[in-house]
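Down below is the structure, laid out as structure tokens.
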Amino acid sequence: MGSSEKVTTAPAYSYLGPAGTFTEAALAQVPAAAGQTWHSVNNVGEALADVVSGRSVAAMIAIENSVEGGVTATQDALANIPNLRIMGEYLVPVAFDLVAPKGTTLADVNVVNAHPVAYAQCRGWLEKNLPHHGHIPSSSNVAAAASLLETDTADAAIAPAGIARHYDVEVLASGIADNPNAVTRFVLVSKTTELPAPTGSDKTSLIVELPDDRAGALLEMLEQFATRGVNLTLIQSRPIGDEFGRYRFVIDAEGHARDERVADALLGLRRFSPKVIFLGSYPRADKEQTQHSSRYADDVFTDARDWLAEILGD
Amino acid sequence: MGSSEKVTTAPAYSYLGPAGTFTEAALAQVPAAAGQTWHSVNNVGEALADVVSGRSVAAMIAIENSVEGGVTATQDALANIPNLRIMGEYLVPVAFDLVAPKGTTLADVNVVNAHPVAYAQCRGWLEKNLPHHGHIPSSSNVAAAASLLETDTADAAIAPAGIARHYDVEVLASGIADNPNAVTRFVLVSKTTELPAPTGSDKTSLIVELPDDRAGALLEMLEQFATRGVNLTLIQSRPIGDEFGRYRFVIDAEGHARDERVADALLGLRRFSPKVIFLGSYPRADKEQTQHSSRYADDVFTDARDWLAEILGD
Amino acid sequence: MGSSEKVTTAPAYSYLGPAGTFTEAALAQVPAAAGQTWHSVNNVGEALADVVSGRSVAAMIAIENSVEGGVTATQDALANIPNLRIMGEYLVPVAFDLVAPKGTTLADVNVVNAHPVAYAQCRGWLEKNLPHHGHIPSSSNVAAAASLLETDTADAAIAPAGIARHYDVEVLASGIADNPNAVTRFVLVSKTTELPAPTGSDKTSLIVELPDDRAGALLEMLEQFATRGVNLTLIQSRPIGDEFGRYRFVIDAEGHARDERVADALLGLRRFSPKVIFLGSYPRADKEQTQHSSRYADDVFTDARDWLAEILGD
Amino acid sequence: MGSSEKVTTAPAYSYLGPAGTFTEAALAQVPAAAGQTWHSVNNVGEALADVVSGRSVAAMIAIENSVEGGVTATQDALANIPNLRIMGEYLVPVAFDLVAPKGTTLADVNVVNAHPVAYAQCRGWLEKNLPHHGHIPSSSNVAAAASLLETDTADAAIAPAGIARHYDVEVLASGIADNPNAVTRFVLVSKTTELPAPTGSDKTSLIVELPDDRAGALLEMLEQFATRGVNLTLIQSRPIGDEFGRYRFVIDAEGHARDERVADALLGLRRFSPKVIFLGSYPRADKEQTQHSSRYADDVFTDARDWLAEILGD
């Protein structure tokens, strides 16, 4: 019975499905997820609900797109669901194919089914190659392809590269995204509160509300980082939603909460802000080493603490 | 013939249609548009193209939502299409119904058709009442409802309150927006470069790119406003789109470009930034008077200029 | 023998003499000094040398004058002699008498003997009442009076109010200082490293060198205080002396090193500056309670530390 | 008679005399002063009074010493006498001898006559070689030596190197200045309001009062320079003198008032400060070229103005 229970509690992972999505490609980069149960879900809320309920140990969700910016549904979910932590980030190149039912040629295509974000990312190619096409929006990149086989409302679909491995479709054109370097950033989210060890190439993700009783609050928040030599790789404003002019900020800072300068910035933020959500410190997907001035080295912080302790006689 | 030509060149206005959209409600607030031709268009790009081509003298477009934040398509269009100016802003309360073909019940609903912004504004209600729904994005709130009657890809649609007056649909639920005070801000955009006169209750809209060759650039940009006592009512980051970490900022500042402190902030921004797009100075929809410290009064600026001119012997 | 040794090691105090100086008046304000040995010395260097050698437990020295500014000899001595601590501050009103040998009248006065600083502080009175006088500089306020009785080079002297209690002179005029509110601030300096307990009305004195390898260093130093809501009551630049443009700063900050916001500012300063000399935290002479925003209350700092400790699992 | 009057109005120059002072050496560096009348005066006040009254066209006065810092009498005089301008700066190396009446030895010396600034510059040597000396301040370095021959109040004097060429004194010690590289900076002051032309190696001197109604005022003042890329070579606090804690700041900034970034900083200062005294823009004595980032080049400022003028339709 013990062993059978072990089987039922084997770690499961949730992701925005179905098979063939970029999210699935991101989850495929996680070694611990290999061979485990993968739950395909319909939206970010469902993915995170799986984590909160314990149905899955972690969920892979898109958080930022190099063309479209932050994924607001994800940012808002992370702001509103407590006790979630980002364990790692994963990059997936955005590469699209134009696919169609077998036997179709490009000349046959009048109507294209595509998720609006994918459509926007391929607009240049479409205007050049299919100047007179119409567009039907779909709910996901894979659903666009799948629907080709179910209905004839569209002649072709924009789908993630590689979709032909999952669906019986013809690839009419490959690499049709306007920006060949477009990348989507995914994060693996869990309830684990144990911090991954610092690697020297880390990110710390935060959501910070600004106090609303004073001018220049954003300036003051940024100074919490700048005065400790901590660089930001992402800063995105999101309305808190109750009235115009009130924002929270989604922030990725270089470095790990165990780096002294990051820890000190966290202290400063927490003192300043009515609400700081610590989303985690985790290794960077791009493996870039964190750069910082020697002014902000760990021993500069510990030396100062020793000096003060002596003054205070502690 | 001259007079008949005058008739054909009477000013037309473009807006995101069809009849019944929030955008139409915003355009109805513009006295000059009353009795003129209104062009219903399908998206922001089409609306602005009408302005650029001269087909319309102005277009009404949504720019910010108190729940969802900036409308990114609008922000990106204003960043990329040159020589556009905001002439005024208009507020429309946001109220949504969930509608479906006659005979549908809530239990029947699996797939919801909704404009992405409307979808985001009702996300809480949907997650509670339709936790397993799928989403098909539509190009407008009204189109979502209209498509119910044309195709069966969705079971229900999110539509502006009152839509049942225009379409033969069942209202499954009313007031489903998560925030009952939600408001959408629209702007009237034209090619006119003449500045509306200052009213004492004005806004100045800008898009500012950050220089990418130095840390703390956002901090420095904000200081351009703070050191002149200029408050911001909106600041929103948008990726420039070529790579992660490069942003432009969409900004609404209190005051008019003819206010000395705003003019001086514009000078500072222009010196600092590789690209500043001036979108206009125009009266605020909420009629709130601009507050500023007496330190930043117009005569403080003109006195300083006189003093310097005397030193320089100019 | 034990008791006689006790007598020889009774605490002695050094001050700039002779009897009758403002410095003596400051020392008279120190309860612990009452009934102890007082060493009259000739200059600040001698007074501090007494402390360093152990000849005196403490020295009273002038540090700031409300008219003349910081006493640079004191500031430089405190910067250069290590391990000194300010234990308390004392204010003495600057009140001067014009004195002369018995029998002299104001009409008889042609030449006035006065320390240059005292002379400068009474210049207005002298120009009005003795428009044709000449001035002989003396080395101290008391020496000016004393010399009247020894030589006849001067007819009168400017001396501290009350000098007639020590010397057999006539007071020709009282309260002759141009600024009736002028005050000199003295500090009691010792080698004790034990911090006086916080009283809620404290000052913290520092000498801070600026790093010379970057622009804006003074700005950055001031931010260490401003970002913790710590006000300064004194900031005085002093050249380090090796070349133009290199400064140290003599600083008095409101609050005690045991106040969290002051302690955090000290950490920031120490990390930033190549050399921070902590001169002490001690009760203010004026008993003014330290004001600070609730943003910088002690529990704001301890709460932030607790929050971070939980994140770090410490 | 016209021509004879021209002779009587030939430009005269005032300086702190007598012959042999460092000030005389500074005046000797001014080509225009060669062959003109030189008025030897007793103090800075007299020198500037000569300029105000028109007796002299200009006065040479010491303003800063690399060891002692700003010359406070000069700084205060420039703050209080209106309409003075610095036309140029001159550097003179500081080298001191200890001199005494013939026949004196170092062991005989109890009291030293010295100008306070000279005294401060030799303090280290004096504390080591004459630890128990007393100090009588004199009005000039040369007067200190001269008085040895007139009175016996002092046993020795600190005097400029070379004084023995002018006075019949014994040199007890040479090169007694603590810093062998010490330099004194002199400025030539006049009532001319015409600005010297920019040379690319200029300084701009200012006295700025801080507003007293807000915290962080010094920080704000420094930002006026930092945000325009203007470096400071001198910043010195001076009490305004009416109460503790109120300061004016004596500032030397790199660059000329005709440099756009300096002009803009002047505008910012003037708007911020209750009182800005412009003391002049003039060529640097050390001929160092002003360095500034290309961000703050003149054309960056003029381009921004052109851009704004177009927006405003001016």
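We just call them A, B, C and D in the order they show up, numbering each chain from 1.
Here is the rule we use: a residue touches a chain if its C-beta (ideal position, glycine included) is under 8 Å from a C-beta of that chain, and two chains touch if they have at least 3 such contacts.
Note that this is a predicted model, so its numbers are computed, not measured.
> Taking the mean of the CA coordinates per chain, how far is chain B from chain C in Å?
Computed value for the inter-centroid distance: 61 Å.
> At what distance in angstrom does the C-alpha mean of chain D lie from that of chain B?
The answer is 58 Å.
> Return the distance between the CA-based centres of chain A and chain B, expressed in whole Å.
26
> Quick check on chain C: which residues sit in contact with 2+ other chains?
Each of 223 in chain C touches at least two other chains.
> Is the way these chains touch best called a line, a ring, a star, complete, or other?
Shape = ring; chains linked end to end, path closes on itself.
> Let me know each pair of chains that touch one another.
Per the contact definition above, the touching pairs are A-B, A-C, B-D, C-D.
> Would you mind writing out the residues of chain D in touch with chain C in their complex?
Listed in rising order, the residues are 64-69, 72, 111, 116, 120, 123, 127, 131-139, 151, 153, 178-179, 181-183, 185, 215-216, 218-219, 222-223, 226, 231-239, 241-245, 247.
> What does chain D use to touch chain B in their complex?
Within the complex, chain D touches chain B at residues 193-195, 220, 223, 227, 257-258, 263, 266-268, 270-272, 276, 278, 295-296, 300-301, 303-305, 307-308, 311-313.
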